[in-house]
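For reference, chains read A, B, C, D and E in written order, and residue numbers begin at 1 within each chain.
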Amino acid sequence: MEALFEWSWLIIAFPLLGFLINLVSTGQTRERTIGIVASTAAAASFGMSALIFVALLARPPEARLVEISLYRWAMVPPLTAEVGLRIDPLSTTMALVVTLVGTLIHVYSIGYMAGDPHIRRFFMFLNLFLASMLLLVLADNFLVLFVGWELVGLCSYLLIGFWFEVPYNAWAGRKAFIVNRIGDFGFTLGLLLLFWTFGTFRYEPIFEAVEHHAVEAGAVTLITLLLFAGVTGKSAQIPLYVWLPDAMAGPTPVSALIHAATMVTAGVYLIARAHPLFAMAPLTQGVVMLIGAATALWAALIAIGQFDIKRVLAFSTISQLGYMVAAAGAGASAAAIFHLGTHAFFKALLFLGAGSVIHALEHAHRHHGDPSPFDPNDMRQMGGLARRMPVTFWAYGIGAAALAGLPPLAGFWSKDEILIGLGGAGGWATLAYGFLLTAAFFTAFYMTRQVLMIFGGAPRSPAAAHAEESPAVMTVPLGLFALFSIAAGWINAPGLGALSAWLEPGHLPVFHPEQALLATLIALAGIGTAWAIYRPQAWPKGVEDPLRPALRGFFTALTRKLYVDELYDILFIRPFNGVARVVADVVEPYGIDGAVNALARLVRSAAGGVRRWSSGYVRQYGLSMLIGAVLLVFYILWMLR
Amino acid sequence: MVWMPLLPTLILTAGALGLLLAEAFRRPGSTTGMAWGALGITALGMGATSALATWGTIEGIYSMVLWDRSAFWLSLTILVGAGIAILLSRHYLADRGIERGEYYVFLLLAAAGMLLMAVAADLLIVFLALEWLSFPLYVLAGFARPRVESEEAALKYFLLGAFASAFLVFGIALIFAGTGLTNLNDLAAWLRRPDPDAQPLVWVGGALLLVALGFKVAAVPFHLWTPDVYEGAPTPVTGFMAAATKTAAVAALIRVFLIGMGPALALWSGPVALMAVATMIVGNGVALLQSNFKRMMAYSSIAHAGYLLMGLLGDPALAVPGVMFYLLAYTLATMGAFAVAVGMADPHGEDQSFRAYAGVARGSPGMGTAMAIFMLSLIGVPPTAGFFAKLLLFAAAWQAGWVALVMVGIITTVISAYFYLRVVVAMWMGPGEAARLPGPYPWVRFSVALTGVGTLLLGVLWLMLGGLSL
Amino acid sequence: MVTLTHYLVLSTILFGIGAVGFLIRRNALIVFMCVELMLNAAGLAFVAASRYRGLLEGQLTVFFVLTVAAAEVAVGLALMVAIFRTKRTTNVDELSSLRG
Amino acid sequence: MGELIVFYLLAGIAVATALAMVITRNAIHSALFLVLNLVVVAVFYLLLGAPFVAMVQIAVYAGAVMVLFLFVIMMLGAERVGGTAGLRWQVPLAATLGAALVGGALFAFLQTPAGLAPAGSPPAPLGDPVAIGERLLTTYVLPFEITSVLLLIAMVGVVVLARDFRSEGK
Amino acid sequence: MADFSILTWMLLLPLGGALLILGLPRDRVGAIRWIALGTSVGVLALALGLLLGFDPAQPGPQFVHHWNWAPSIGAAYRVGVDGISLWLVLLTALIFPLALAASWTIEDRVKEYMALMLLLETGVLGVFLALDLLLFYIFWEFTLVPMTLLIGIWGGPRRVYAAVKFFLYTMAGSVFMLVAIVALWLLSRPLTGTGTFDPAWMAAHLSPLLSQEAQRWLFLAFGLAFAIKVPMWPLHSWLPDAHVEAPTAGSVILAALLLKMGAYGFLRFNFSLFPTAAQELALPLAILAVVAILYGALASYAQDDFKRLVAFSSVSHMGFVMLGLSAMNPLGVQAALLQMVNHGLSTGGLFLLVGMLYERTHTRDFRELGGLWKALPVYGGILIVVGLSSMGLPGLNGFVGEFLVLLGAFGSAALRPAAHGLTALAAFGVVLAAVYILTMILRVLHGPLPERWRGLPDLNGRELAIMAPLLVLILLIGLYPLPFFAAMQASVQYGLAAVAQPIWALR
């Protein structure tokens, strides 16, 4: 069993192998084979993760840390960087979540992507993503984590722009990558400072140094703040969340896997991973908590005004990530990871459900032979799908309920723990707590709105009227995710507390009945309000959204995402483009090159003046000589004076 | 063996007179025999020069002449220039219907005068040598007559040359009046004496000498004749003037100012330095605007006069070998460039504008390559000879503390790169069609090859064989 | 008493006149004559110096200068004749087609 | 004193003829003024005890050379040349510069007149032709020979320059 | 003439190849091409042999060949390779065969082209191998001529302007270096009799005698030549023109090798010969480097011409190299050295890709391109990988160099007190790199495929063979840079001894 750890690198290697196989496979490979190879690789990785998990479980709690050095990456004094894996409860948990969700989504994709001419590329990227994400999770030092961190960003970019012929998709991919890079700018600086503070990138010596208070608190505060800048990018927190809604341009399985379940949670994982550092920097913790809570509220608010099925989910994801970040900021790492896990399941479920809906609508639209442009993501074109797609409906409903935090579904337990973690802390935490409670209301509201718009009432378009249930390869994963969404909460439910005990031995989750009651009531209030507004009977015909007349301008603002993109456009993008244009079109040609050319012109015109002296007249040539002679004689006179 | 220093001069003079005699009895027709004869005589002169190489210092004929290391190098350089000029002339003359045997006589006589200048040790000999080398050049410049440019060039050269020699003579007269001396070594000895009374005469005389020699070496502001004469003269003659005459003029400067006025060098360094600066700037600057190869080369020759003047001011241990080597390197590159110009010239209506050079390298890559080598050497790009030459001159000037001069030198070197490159650009990158012109004659090709290989290897060889100690 | 300085002053003035004449006359023949005047001035300086320094060399030098001048005249006049044949002028200002 | 008067008189003539040569319009007149000037200088040579050089001056210079000049002027009909517009500022500038050159040189000479005055009476005249001839063939044999070459060059040069090749029909 | 070292053979082989080609009739195009390629592959083989025999533990030069060819001025033919030059020599040996293979499509004046390329190879190798200032200068200038001709004859529409500009700019810098070399030589003359051009001797015996003032001026004189070559801001304006107009192989060599000569010169000569001036001027150098990073990135972003974009990206990348060098600690310098190699691979690769695209579309204007990934899937994939390498994506080579440069600069004592601020700005350059590279990918590969590009052929075998070694190295260095650092470590430590300062001050 112990020897197994030496092989833990296989967790990463399997998806990488899948990637390589599909890379070198010829163009004639059948598309099904491609999907099976990729899915098998993911599944193998999951299997390996499970084995490692079990092996770790077999160890006594205090010995649950295995570090495996793979190879030395670089040694330049004073830097010694090695590539190594860290097997501990946190990383194995994450690996399990990632591989499990990943495997299911791989399988789902076989159905979803069937017929796409570039399916090989799709599965390659998906496998590469999995490998990168696992590298991020399993790394035993910040540098390797950063490598994985960037690579998942790359895969995200490649997959958002997967259908690159559509300019918007390509644009959205680029936006995602660039915004992430802006966050990583902070991350990079954090790493630099980290290295020059601790002299290493490895977690273990760093955590030890922190434990012994061998470093200045100020430096740690700065490091953690800079690392958190990276988190805001990757985990889509204020102010860098803007890329995630556009990331929905990618295929839906991608949205489920990368932009809901796994990659975007990397930030939360980072905070949890670097928990000893954050714990030493209360200022950072406060900032993290507030930003997380604010993001949760802000995104939940915006989600209310969205009509794109996936965009609602995107804002929901941002909002839920806010919960996790807030929890992690508050030091409730176990709660954050718990919510991360449950969210992975129910959000993946929701996305896959959305994918199923979209897939069905698109199929119906094409089948119907309607040539008019049609957006299968638009919820205003749906309605009444509960009858036509029952499996999807039920699965989606479970997911929505879990998200809304209805007991006893998974979301209820994890959200509860976050609220408990923040509730009693006082100070800024109280504000954050308030934010989160408000966000919980909105969450329940927009999820109910969405379910009612998609599945309730009568079909609002021919496509919706003719939609049919998706194939089994898609519905089976839906079902599995629905199961997880129901059950996953129990692994850390009060009283069981398996996850907390596993992650942080000795810290068991507590249960505050009044807190649970409050949360449930808020969720029910949200559902009720939404029901009141959006129930089919209350929805007058021809009205786009009953909220619009009620909220008027504010609703438009919500649909426009509160104009943040526009604001950024004015504040950053236009000035940046302007500066670049000025540099390229003014400074370079007229300033720098201009100076060089002006110098050349100056020399030429001066030479032209001198040249006129060579007039061709002998007498003038003689005059020039005489001038020389006179000058020489006067020089002599001057010397003789 | 007091006449030994004159041996090369004597050989060339006697040979020239022999050729003159032969010309009188020559049957009308090709002058190939004359050219061969002239080449043979030049080779003989080189042989004599080489034979004298190991003789050290010889003072001859009542201290009128002096053979030393400088004389050896200068003579060698002059003879190289003359030999190549002869090679270039053979077909050039024939193609233009100016094939006359006297041409070679004059070429040899001019070279003989230059060789005399290289060994001159008396102001009187300097004067006579200057006239000796000038007379044949006046005739040669106008040799392409009745082409009007050639005649104009000859007259301009003649009038201004006479004007300059008047300054020379008057300068000698003033020095003689002040000291009673014309011998340069005696003059140096006299200057070492503290005798302030008559010095103003010597200084003014020296100033006038500087005018005349500045004229010959084409230093600003005495340079204006150069482009006009270079443009008008037959192309091989232009090359000869640019290379060999420059050498002879530098020889005169060395004799008069480094030896004769040597003890008073500090006095002269100021104006010479200013002249050098002005010459480098004007020569390189105005060359930028030229569109005719020969005029461009004229300004190039002016510019190089500036570098040479700078070198003359330098630390003697470096400057003397430096200047000698510079002249040889410059001669090879300049003669080579003119060789290509002759090779590329259209026999019917010679056009030496850059436009006529466009795309030539496509048809004659060898010529293009050679021209590129020459231009690079004139810029001073390694590993050509011009690089090592400039290196030594800069070193000499820097060592003597002429930092500002060196700065002007390097900046103008950069400027010079532009116009030298224009030739390369025209030949290699021009839009012209391939092989417009018939290939150059073997004599020209031989000269190009000789100078090309020489320019490439000379610097390295010279340093390998002893360099500064040569 | 007449001193060497007297002669030098005189010869310098003659030299100067010649030089100015070279610059202001357009007829190539006169221009050339001015050069002769300058050489002549130098000869005067030589002979005077020779006398006052008690050295024969000055006179010998004048002899050579004279001879050279004569030769120069021959070449120069031949050149002018040749040009006159082509251009029908002895005006130096009209010989300025080469310039720049 | 008488010596001085003679000097100034002759010097005056010399300068006057020189100026006249430069200023007069007609080339023939110029040539004649130059002849006068050369003769005056020859007289100076005599005064300076250089009879041989004076004779050479008269015979070669004032005689042969100037006759050649006159001959050419008349042959070419080049007594006067047409005016050209260019170089308007040449005359005043040249005159100023000439004056500056002369003035500068003179200023330099006059700073140290003592050094140029002969110590005591001048030595005996030494310009007798025998002495000159002896020197010419001993100390000055090299310049002498060079001069002969120069004359030869001039001769051949004139032949080359003056021959009309167009009519030769090679 | 001591025993011939392998290095001398490396220098002579391309020279001999060039002469051989010049001896062939001009219509034997096939033979000419193969001889050129064969020669450069031969050099690569020698270089690999060099790698095998290289002893990383030895700090000084190895495989030295010493010959006092000009005893009267103390100049010597002295070549050798140490950890500083090793990878650059190998890069040179690698890039030339690729560039020659990429030149297969040259049809005009093949003979001259191939001969010039081989001459250029001798020159570039010589620059990296020379251990004598005069010899170095000779090779330095020697590279100038073939490159100018390559640009000027086989270049684009404004080739003449670009070629002349390139020549004059370089010349303007190198003459100052020449004067500085002369000055050093003159200073060495009283000490040695004939003078010497040996930089090692100078570093040991002459530099300590130089006043601060003299060091400063000499540093600047050398520095100007190198700064123009790098090119450092604001002396870079020759670069976009030269790159854009040069033929593909010319751009590749220019970017991959010639720019390195400048940075190499800084490290090899400026730091060892003028250590106190180097310490004093490290900060201004770093500031210019950071300006170059940001300026190059901004300018690159705003280009509509593919090649011009890559050209400006070079300015930005070389800024990282200079920043690393001016950090003057082993971390920064070794990273900068590796970054030179990285830039050679990735920017060289990008220029190759631009060339391959241009041969198909005959345009480099982004406004006419787009959607090409659909038509050229393999090309697109390679372009993305190379582009990612250029923008410093972890896992690929660019990250190793850039990140460690930042790491070195951040902790540099030489750059205090501005080290952190400068590093932060430089790190922002990484963000900008993402902006322009992703924009480039967006504009070339993404979006709808215009009808006119529908039938374009994807990369052929030759082109794949050219790109393959680059891709392998991009990955190899990215994943396993250890051996690359190991080989240079001893030499860098040794070379930095003079400028070394306590650098772990933060600990």
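The criterion applied here is as follows: a contact is a pair of C-beta atoms (placed from the backbone, for glycine too) under 8 Å apart; a residue touches a chain by one contact, two chains touch by 3 or more.
On a predicted model such as this, the values are computed, not experimentally measured, just so you know.
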Original post:
Can you name the chains that touch chain B as well as chain E?
Top reply: A
Original post:
When you check each chain against chain C and chain D, which touch both of them?
Top reply: A, B
Original post:
Approximately how many whole Å separate the CA-defined centres of chain B and chain C?
Top reply: 26
**OP:** Can you check how far apart chain A and chain B are, centre to centre, with Cα atoms defining each centre and the answer in Å?
**Re:** 77
Original post:
Quick one: chain A and chain E, Cα centre-to-centre, how many Å?
Top reply: 37
Subject >> Distance from the mean Cα position of chain D to that of chain B, given in whole angstrom >> reply: 30
Original post:
Residue numbers in chain E touching 2 or more other chains?
Top reply: none
Original post:
What are the residues of chain A that contact at least two other chains?
Top reply: 611, 614-620, 622-623, 626-627, 629, 633, 636, 640
Subject >> Contacts with two or more other chains, residues of chain D listed in rising order >> reply: 86-87, 90, 94, 97-98, 101, 104-105, 108-109, 111, 116, 140, 143, 147, 150, 153-154, 157, 161
Subject >> Which pairs of chains touch, using the document's own definition >> reply: A-B, A-C, A-D, A-E, B-C, B-D, B-E, C-D
Subject >> Interface residues, chain A side, partner chain E - complex >> reply: 71-79, 146-147, 149-151, 154, 157-158, 161, 164-167, 169-171, 174, 177-178, 181-182, 184-185, 188-189, 191-193, 195-197, 199, 577, 579-581, 583-585, 587-588, 592-593, 596
Subject >> Footprint of chain B on chain D - complex, ascending >> reply: 104-105, 108-109, 111-112, 114-116, 138-143, 146-147, 149-150, 152-154, 156-157, 159-161, 165-166, 170
Original post:
Hey, which residues of chain A end up touching chain C in the complex?
Top reply: 611, 614-619, 622-623, 626
**OP:** Would you pull the chain B residues touching chain D in the complex into a rising list?
**Re:** 6, 13, 17, 20, 28, 61-62, 64-65, 97-100, 102, 105-106, 109, 112, 116, 124-125, 128-129, 131-132, 135-136, 138-139, 142-143, 145-146, 174, 177-178, 196-201, 203-204
**OP:** Using the touch definition up top, name the residues of chain B that touch chain A in the complex.
**Re:** 155-156, 159-160, 163-164, 167, 199-200, 203-204, 206-208, 210-211, 214-215, 220-222, 224-225, 227-228, 267, 270-271, 282, 285-286, 288-289, 415
